[in-house]
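Below is one structure, written out as structure tokens; comments come after it.
Residue numbering begins at 1 within each chain, and the chains themselves are lettered A, B, C and D in the order written.
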Amino acid sequence: MTHHEATHRSADMEECIRNCTECHAICVETIAYCARVGGKHAEAQHLSLLATCADICRTSADAMLRGSRVHGYVCGACAAVCSACADACSAMRDDPEMARCAEACRRCARSCEEMARGM
Amino acid sequence: MTHHEATHRSADMEECIRNCTECHAICVETIAYCARVGGKHAEAQHLSLLATCADICRTSADAMLRGSRVHGYVCGACAAVCSACADACSAMRDDPEMARCAEACRRCARSCEEMARGM
Amino acid sequence: MTHHEATHRSADMEECIRNCTECHAICVETIAYCARVGGKHAEAQHLSLLATCADICRTSADAMLRGSRVHGYVCGACAAVCSACADACSAMRDDPEMARCAEACRRCARSCEEMARGM
Amino acid sequence: MTHHEATHRSADMEECIRNCTECHAICVETIAYCARVGGKHAEAQHLSLLATCADICRTSADAMLRGSRVHGYVCGACAAVCSACADACSAMRDDPEMARCAEACRRCARSCEEMARGM
């Protein structure tokens, strides 16, 4: 989506941007879904975790999109928050919406960890 | 990317979310590009316009992703800012990076206008 | 907080930035509060409205902070979303947390409307 | 500004939220200022660093405002990015605008570090 000649980003970074962008969107959708379902899904800490995950994914994607050299710090935090969010969503795994969110968070955590290490 | 069963969004809204997400990303990239190129590209008002465009596109995409009923107000503002940004980028049309940004802004403006009308 | 010599913003705009910044923060807090309280407070549309209100307030404050000439479009949308959010929170007025949020939204809506008109 | 009965945040966290909110605002202003001044101020990496600093400060403030337990990860990244931004701005210290931004970044880095440690 966002590839263009002038940027010269690695394929890994391109994939990380995609993963962060998707994880952001899925977390925003999942908050709304959890609020509709209620109960354990809508516990305050769970919604807060999803919201912080959405925010850090966006910050991380944008740091890479603008080629900022400090992106590794943001990616490191993004990996940690995404892992926590994946764990929380996995605990509701029988719900396919939560499994979908857990998967997106796990994928994003993996590529952000690599970015943080490579900094 | 973000389609899932529980949401029941129209195809038009799905497309608008995609356009906003892409326009956000391209504006963030274009700011960095313009800062590298310098000169007219890097004028303060141009960079500010691109940054505000990136922000409102993100706000607009997220309002639709979470199914917020007030999304039309945000989409209306997004259409106006994207049109202004498309005009500014079109004025540097001989530069393919700017033509690419103008195109993304124009596409986003069109679908946001429709969303704002349909509210 | 954010005044400095080089900017030359009007007193009205300074106040609008403060109101948007405060309304953003209070909406983010109120989402967490509503999720803890549950029931009518935590209905999906109410949480979505608060989240969109938080986002557009931030976008609006930042557009003014960077002196973007298109801030009026964003302020116009911000006024509309804040008014809707104030109405929703006022409906739970016996709860002082919601009255506090309604008041912040109303104040932000008023100053954003002025900014939108003055554009 | 954002204190209310229902939250029970420590005084240190309240101060950290204030520092992040102020640093976000000052970074957004400083980007616009640097773009107006041009030259070394407007180098692409400097503008990118300021923009990423603004984003992570906002994400950090919001994580604390909503009482998210993972705020420490975000605060840790915020401290690192703010320190880098303070260094970059300090290098242009003879300019009072840059000294002001460096000071806000330094103050934010210090309180975010404490939050990250205390997690």
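We adopt the following convention: a residue touches a chain if its C-beta (ideal position, glycine included) is under 8 Å from a C-beta of that chain, and two chains touch if they have at least 3 such contacts.
In UniProt terms the chains read A, B, C, D = Four-helix bundle copper-binding protein.
These numbers come from a predicted model, not from an experiment.
Shared numbers divided by all numbers used gives the overlap of an interface; between chain A and chain D this overlap exceeds half, so the copies present the same residues.
When the C-beta contacts at B-C and at A-B are tallied, the pair with the greater total is B-C. The centroid of the Cα atoms in chain A and the matching centroid in chain B are 21 Å apart.
Within chain B, the positions touching two or more other chains are listed as 31-32, 36, 44, 48, 51, 58, 62, 66-67.
The touching residues of chain C, when paired with chain A in their complex, are 31-32, 35-36, 38, 42-44, 47-48, 51.
The touching residues of chain A, when paired with chain D in their complex, are 44-45, 48-49, 51-52, 55-56, 58-59, 62-63, 66-71, 73-74, 76-77, 80-81, 84. Those residues of chain B that touch chain A in the complex are listed here as 1-2, 4-7, 17, 21-22, 25-26, 28-29, 31-33, 36, 54, 58, 61-62, 65-67, 96-97, 100.
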